[in-house]
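First chain A sits with chain B, and in the next complex the same chain sits with chain C.
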Partner chain A sequence: MRRALVIFVLVAVAIPLMLAMAELPRHGSPDAPPQTHVAPYYLEHGPEEAGAENVVTAVILNYRGFDTQGEVTVIFTAMAAVVAVLVAGGAGVPADRAAAPATTPVSLIVRFIVRVLAPFIVLFSVYVILNGHVTPGGGFQGGTILGALLIALTLIMSESDARALLPQRPQRLLQAAAPLTFFAVGMIGLLLTGDYLAYPHSGPTIWIATLMLTVVEIGIGIGGAMVVATIFRTMGADR
Partner chain B sequence: MIAALWHNLDYAASVILFCIGLYAVITKENLIKKFMGLNIMETAVFAFIVAIGVVEGGEAPIMGAGVEPPFINPLPQALILTGIVVALSTTALALSLIIRIWKQCGTIEADELREVE
Partner chain C sequence: MTPWPPLLALLIVVPLTGAVITPVVGRTRAVRSADWSLGVMLATSVIALVLVVQVARVGPFSYVVGGWVAPYGIELRFDEFGAVIAVICLLGTLAMVFSRRYAAQAMAEQRIPYYYALLLLNLTGMIGFAVTGDLFNLFVFMEILSLSGYALVAVSGEKIAEMAAFKYLVMGAISSLVILLAIGILYALTGSLNMADVTGRLAGAPAAPLAVAFGALTLGFMVKAAAFPLHIWLPDAHAIAPSPVSAILSGLVVKVGIIGMLRVYQIAYGSGAVDMRALNHVLMWLGALSIVMGAFFAVFQDDIKMMLAYSTISNIGYIIMGLGLASSYGMIGASVHVFNHAIIKATLFLGAGALIFQTGKRTLTDLAGVGHAMPWTVAAISVGAISIVGIPPTAGFVCKWYIALGAVQAGHPFFAFALVFGALFIFIYYIRMVNAFYFRQPRDPAILEVTEAPASMLVPVLILASLCLIMGVMGSLPLSFIEPAVQRLLLPLGGG
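Here is the complex of A and B:
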């Protein structure tokens, strides 16, 4: 009975969706409505107007910079909520666990591989963050790579070592790096052009816009990495 | 209809993915599995919207010397980047709430939780 109901619901959802998909313009067609209205403007004017050759970056950080500022605030708020739910309500980490390994004993191979790869992962994440305006990538992507490295290091180190990896005091500031950088760059835009989060338009000053985009990318990268690592650590802390 | 769907195979695939996620959400009792289903549904929507931006034979929308049109539509990608980050945030928050439920009630099975009250 229950199974029949489930199948009925799934079919009732799938059939109208499939019918709608069949009616859509052909996949990949250059004449489809999404490709003919707004996108050509961005593709044509994006690089010289926004200061980023990668149009996706130009859209995210320049044209829709305000939207992205809200987005980095969302991940910061999510991290704050995770900490509030898990740390504020729980008893915290017992003292005897502080010196113990972060998880079940890690094999020598895993430990060695993570240590060997760590510098290269850092290099790659810095490359992805700093080249966000000319290659695929950017702050969020590079930040996630950096965050993954922090998580890997947390796994192979003892709790106290992992804590020393990110000292308490700058950690607080770095977690909020993304919204703070956005705010700072927004204020610079206010000074330069008279509008919050506005970038200098095309012309000889376009390099300023590129510089501001890079600063925002670095902020998002560091902030994103810290947020991901903090979420993981908070969840792992009270097993 | 089948012929039209064959051309829009990418869209049809995202519908199938969406239904897999929906199946997990409505049949699984374990909260983590339920949430995995929700994440699969999110992924289906992301895949669908990114697929809308594809142009036949298009290149990545990175300008510079020596690149020729057509380019892939950058707008869906930019929107979905935002969506992915928000999905990450909701996942983190939901998982922490599930951890909390487990600590308080000792179970994360939805049917058992109904009896706990």
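Here is the complex of A and C:
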């Protein structure tokens, strides 16, 4: 009975959705509105006026940079939510509910491999972050690589060493690195051009735009790595 | 004098940045994060005030972030509906003040800086949602306010709060996805995300995708607004959250669904490509159902915050019905009720929070007789109760009167009947509450020994209660303020 109901609801939802999809302009067709309206402008002018050869970067950090400022804040919000809900000392958390930290001993091979690879992973993440305005990649991707390394190191290290990976003092500042960098660069844009989050457009000062975009990428990278690592640590910590 | 154009962007980024710094400020002493977030809210309120005065003088204005032109950059658009930011700032500031004593009792100290950060993020998300002119930007701010909302419900750490937050999260995530799907369809049809641009380019779009897009937007926003059969996440979440959070969630966050619907109407009516009549009919019925069922469930609640939560469903019903009527009176009444209900419900939830804080009790049975021990708080709650029933000369009256007029104007007098019927129900349960506080024998005489709430709680409650009265006496001011926006909205329908 329940199964039949689920199938009925799914079919009832799917039919109008499929009918609607059938009437949409064909995806990827050169005549479809997404290909003829805003996007051609980005493709045509992005490389000269936005300070990034990679058009995707030009769109997410420059033309629609305000969205991305919101996005990094969503990521920060997710971390703040995890910390606020899980950090030790909730009124109703009984002691026996405390999750045991991973006690499985890590094999020598895993430890060795992570240690050997660590410097290369750092190098690669820095490359992805800094090269984001030229090639695919950027702060989000590079930051995730760095965050994954922090998690891998947490797994193979003793508790006290792992704690030192996320330095206590500047920790909270670094967690907010991405939105703070956006704000700082936005205000610099306001000073330079008179508009919030504006970069100098084209002309001989375009290198300033590229520099500002790079700073934003670094901020997103550091902030992203810290957020990923913090969420992992908070969820794994005994409470 | 025109204010500095980037001020509209600063309205969002000042509290946004203030929020992410809050945990840093509160690292060594949690109470500093309370001072900091209050300061941030005050600064934001000043900006909001300048902008609201501006829109009252010259009408809507825009600012495109990043020095680009719309639709290539992201446009922020401030119109009369956006003036809801004034209420967001007011309630946000008062909730910050109220939280000073309340948070210390309700949650562990390590959580307090993050609590304030999330509260600020929630308010900022709503501000951004109210003033953006871009569909994807709208979604981004909706996610900021939704995510922080889920966490704020769970922040006390009680098991039941976590359950309520999870239910809220599941429903909220589904509604967000449905809205995102609709935004995707609109982008595929127009190639643009700018609301004004989408409006201009929708003409001639195929009917089936349009119907799905507008249906999905309505469904998603109705879940956010907790219209009757989609309300199941609301009562627990609003009743169990810390009281200042309840005030924000019930007073403001459910209105996100309403503001979202107003934006949907602006696109639908403005483009002329969408026939909203069928959807409007659904909204009218949803509204009527919510009014009656919300009030019906509220009558049976003994938990005071649970009762207030069901009352929110009922009041949202009035607003949804007002929107669905698509007549100028109904629309004006609904828009103003967004403002007024926020103030009234915040009075009630903060007042209830003060009662619970002082007595440790939260049911009407246990709270009997508390009116003699905490006269000021209970007086403020009574003012709120009278307002929400809609007895003149309080803030609730004008809106409901306008919505009833709107029902007659739109040729649906039956819905005016549903409205009056709902008001009667609401009257019953608020009378029950006031009666318990003042006239019932206390179950436990110790309740008479309780002292009045501390100033940091009492003052916000009293300010809100006096606003309930002031908004009632000056009821025509918000009506005439919102009228041009409604006339503009209904213009394509032939003036409503």
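A few notes on this one:
The definition used in the following text is that the second predicted complex is superposed on the first by the 221 of 239 C-alpha atoms of A that agree within 3 Å, B and C clash if a C-alpha of one lies under 4 Å from a C-alpha of the other, contacts with A are read in each partner's own complex, and residues count from 1 in each chain.
Here is the rule we go by: a contact is a pair of C-beta atoms (placed from the backbone, for glycine too) under 8 Å apart; a residue touches a chain by one contact, two chains touch by 3 or more.
Keep in mind that what you see is a predicted model, and the values were worked out from it rather than measured.
Of the two partner chains, chain B is the only one touched by A:Asn54; chain C is not.
Looking at the shared chain after the overlay, A:Leu24 reaches both chain B and chain C. Once the two complexes are overlaid on the shared chain, A:Met235 sits against chain B while remaining clear of chain C. By the touch criterion stated above, A:Phe140 is placed in contact with chain B alone, chain C being left untouched.
When the two structures are aligned on the shared chain, A:Gly46 is found in touch with chain B, with no touch to chain C. In the superposition on chain A, contact of A:Arg64 is made with both chain B and chain C. Of the residues of chain A, those at positions 17, 19, 21-24, 27, 32, 34-35, 38-39, 42, 64, 67, 71, 74, 77-78, 81, 85, 89-90 touch chain B in one of the two structures and chain C in the other. Across the interface of their complex, chain B is touched by residues 6, 9-10, 13-14, 17-19, 21-24, 26-30, 32, 34-35, 38-39, 42-43, 46-47, 53-56, 58-60, 64, 67-68, 71-72, 74-75, 77-79, 81-82, 85-86, 89-90, 134-136, 140, 228, 231, 234-235, 238 of chain A.
On the side of chain A, the complex with chain C involves touching residues 16-17, 19-25, 27, 32-39, 41-42, 62-67, 69-71, 73-74, 76-78, 80-81, 83-85, 87-93, 172-173, 175-176, 179-180, 183, 186, 189-190, 193-199, 201. Those residues of chain B lying in contact with chain A across their complex are 1, 4-5, 7-12, 15-16, 18-19, 22-23, 26-27, 51-56, 58, 60-64, 69-71, 73-78, 81-82, 84-86, 88-90, 92-93, 95-97, 99-100, 103.
Of all the residues in chain C, the ones that touch chain A in their complex are 6, 9-10, 13, 16-17, 19-21, 23-24, 27, 65-68, 71-74, 106-111, 114-115, 117-118, 121, 128, 134, 136-137, 140-141, 143-144, 147-148, 150-152, 154-159, 161-162, 165, 185, 187-193, 201, 206-209, 211-213, 215.
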